[in-house]
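Labels A, B, C and D are assigned to the chains in the order they are written; within every chain, residues are numbered from 1.
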Amino acid sequence: MQRLHIARIAAAGATAAAAVLATIFGCATGPTDDELNAKAAAVLRASFKEQGQAKLDRLTQDDTQKTCSQYSGSAVPKDAAERIEKANLASIKWPADGKYLGDWASGERIAQEGRGMQYSDDPKGAVGANCYACHRLSPQELSFGTIGPSLYQFGKLRGYTDEVRKYAYGKIYNAEAYSACTNMPRFGHSGILSEQQIRDVVALLMDPASPVNK
Amino acid sequence: MQNMRRKVLKAGGGMTLYALLIAAGWLKPGDAAAQAWNKGAFEAKSLDEALKGFGAASSAQSKDIAFVSTPDIAENGAVVPIGITSSIPRTEAIAILVEKNPNALAAIFEIPPGTEPAIGTRVKMAQTSNVYALVKADGRYYVAAKEIKVTLGGCGG
Amino acid sequence: MRIHRRGALPVLTLSLMLAAAAALGQGNAVDEIAKYRAALQDGNPAELWEARGADLWKQKRGPKNASLEQCDLGLGPAVVKGAYAQLPRYFSDADRVMDLETRIVWCMVKLQGFSEADAVKGPFGGPDRKSDMEAYVAYITSESRGTKMNVSLDHPKEREAYRLGEKMFHFRGGTHDFACATCHGEDAKRIRLQDLPNLTQTAGAQKAYTTWPAYRVSQGELRSFQWRLNDCFRQQRFPELIFTSDASIALTMFLARNANGALFDAPAIKR
Amino acid sequence: MKIRATVVGDSTEVRVLMSHEMETGQRKDAQGKVIPAWFIQNVVVAHNGKPVLNAQWGTAIAKNPFLSFKFKGGAKGDKIEITWVDNRGEKRTDETVVG
């Protein structure tokens, strides 16, 4: 029992620790970390059924998802982080007209909207970014989450420059380009928000008239 | 619906509670009321209408009515715990009204002699609103109010 | 009256919170919500499910016209008390690891003669249908209230389920790149105003796992742990988790084992 | 119904949970059709056959209603009987003994 308890603690720790354990004990402890990852992915695939707009292809990981799953709960190695950031930065589609700022009021609605892409959602219905689930933005909204940093006074603190506007656009479009294995979805890259919706959220952060900057 | 809400707001905000209750009534007394249901009062679309449905003559704000185990904020409006106690002698009935609900009157509890004038239940609230505890005691009417804020959170579920 | 359905993040929230902001800071709001939760503990409608489940458990049903009373939940036939606190576990008769719901399905097939397809029908209740499964779950879990969580990893298949569950917990996918760990991998985080337990740590896993199943006031339904996982994946933008699937059992194993040592305290009542 | 009646000092505390949808008549189903109101309208609680509480409810009482109150007197073994009637005319009576 005691021995198993120790094994459990190791398994419950970081994935890296589990990998170390597997290395030390070799075949004696069962599958290697890679084998375990492959088996987990296969079991997952067999354990879901498509429903509404959510098809089984959502379980097919791209390199970013796969690598970030592997290092979840531990630090991402520098080379992997650089690879992820480079690939995701290259995927960003910037607005053709170079305009990053939309309508902050529309951005506020998008930030409040939690629906979109769930199998229970109407595929033709509203799709939001649910920013408040994780971030503080407008000070009037007290019901905000803390998974991400506070974005209150985002533009005011950083300056209303074209450079910051572009950064905000890129970060919303594909957060993995700036911070590998961030918790934040890739709203543009994954087709969650349109170009105009991203501009509107940028305006919520960067328009001096936005409540975020009051 | 919107229209009605505005009307309720106006009634609630524009008049004092006391004025609202003046000429407002109470349920018709009747001892064989076991199966009676005050349709007029329950289906009334606003607080003052609901109060008129009771047919009471007048009422007064009272410090002898207390809300117990009743939170200031409800995490979910679908279930809001309400506890009301009355220390007014000869309390005969306690009613719960939620000002901004589509139908303001939530419940009437008739308290026979020997039953303590203290009840606990749970109501639904459509939005942040004043909740009124209306007490009938010795043929007179008393009221207390408490604002309960309704929040929603998480992923919207 | 508007009762909000799942998935909708109502715009209403802003105006309500604006009103609340006038009088209260957020700290107060959190304290008051704690009072709200405390007030709900007084009478938990989950008891209605527990009572229905206890009756159903003894009823003769199915093609074999048998009750589930002889079902072996791991502590031997007809032992219900404390069984849930040791689940999931390896069952030699089935040669696999099973969670409670999977084992109930097994017993419905073996003892009552239901087909597997019939046994897994209607796992979750809704507005127009009561779920017998959720009633069974309410009853069985209530019989472990106050029992210390004691999930074993003695059997190799139990260890494998645990390690697979851990991998799945960290598996990122879907349109939003979410994993369970996205929301439940760090301490002291919140989504909107809801506290998020860190399920990779003992304290967080204990607090969360020992308070499911729960009566969800937002839905007016008792919700099982299978439902909890199913609905988390819905919000993760994954496809639908299949009831009693291997992934659901592995994840349950990971979380239940992490909760070892804590006193089981459900069915609970939650927002 | 799930009824608990316990002697507390010189009173009896009654706590009851009822299984009922308490549909408001204000909600719509997935197809946009209004779900008709369906709710308990009257609740009568009797102690050894004598009424100790008589309630009228509207649609605003929460789903799976909860009710608690106390009455003077009462002793272990006394009978508590609770009846509800809803707006469809459905009726349910359950009883328990004071514990």
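Note that in this section a contact is a pair of C-beta atoms (placed from the backbone, for glycine too) under 8 Å apart; a residue touches a chain by one contact, two chains touch by 3 or more.
Given the structure is predicted, the values throughout are model-derived calculations rather than measurements.
The pair with more inter-chain C-beta contacts, choosing from C-D and B-C, is B-C.
Legend note: the chain whose CA centroid lies nearest the centroid of all displayed protein CA atoms is C. One inter-chain figure worth recording: chain A and chain D are separated by 48 Å, centre to centre, where each centre is the mean of the chain's CA atoms. Averaged C-alpha coordinates put the centre of chain C at 28 Å from the centre of chain D.
Per-chain CA centroids place chain B at a distance of 37 Å from chain C. As a whole-number value, the distance joining the C-alpha centres of chain A and chain C reads 26 Å. Residue positions of chain D touching 2 or more other chains, listed in rising order: 24, 26, 59-60, 62-63, 66, 68. Within chain B, the positions touching two or more other chains are listed as 78-79, 101-102, 120, 124, 151-153, 155-156. Across the assembly, chain C contributes residues 1-3, 6-9, 13, 17, 20, 29, 42, 191-194, 217, 220, 235 that each touch 2 or more other chains. Across the interface of their complex, chain C is touched by residues 2, 15, 17-19, 21, 24, 26-27, 29, 35, 59-60, 62-64, 66, 68 of chain D. The touching residues of chain C, when paired with chain A in their complex, are 6-9, 11, 13-14, 17-18, 20-21, 26, 29, 153-154, 156, 159-160, 162-164, 166-168, 170-179, 181-183, 185-186, 188-194, 196, 200, 233-235, 237-242, 245-248, 250, 257-258.
Contact residues of chain C toward chain D in the complex are 1-3, 42-45, 47-48, 51, 127, 215, 217, 220. Within the complex formed with chain B, the chain C residues making contact are 1-4, 6-10, 12-13, 16-17, 19-20, 23-24, 29, 32-33, 35-37, 39-40, 42, 191-194, 217-220, 231, 235, 271.
Residue ranges of chain D in contact with chain B, taken from their complex: 11, 22, 24, 26, 41-42, 44, 51-63, 65-73, 85.
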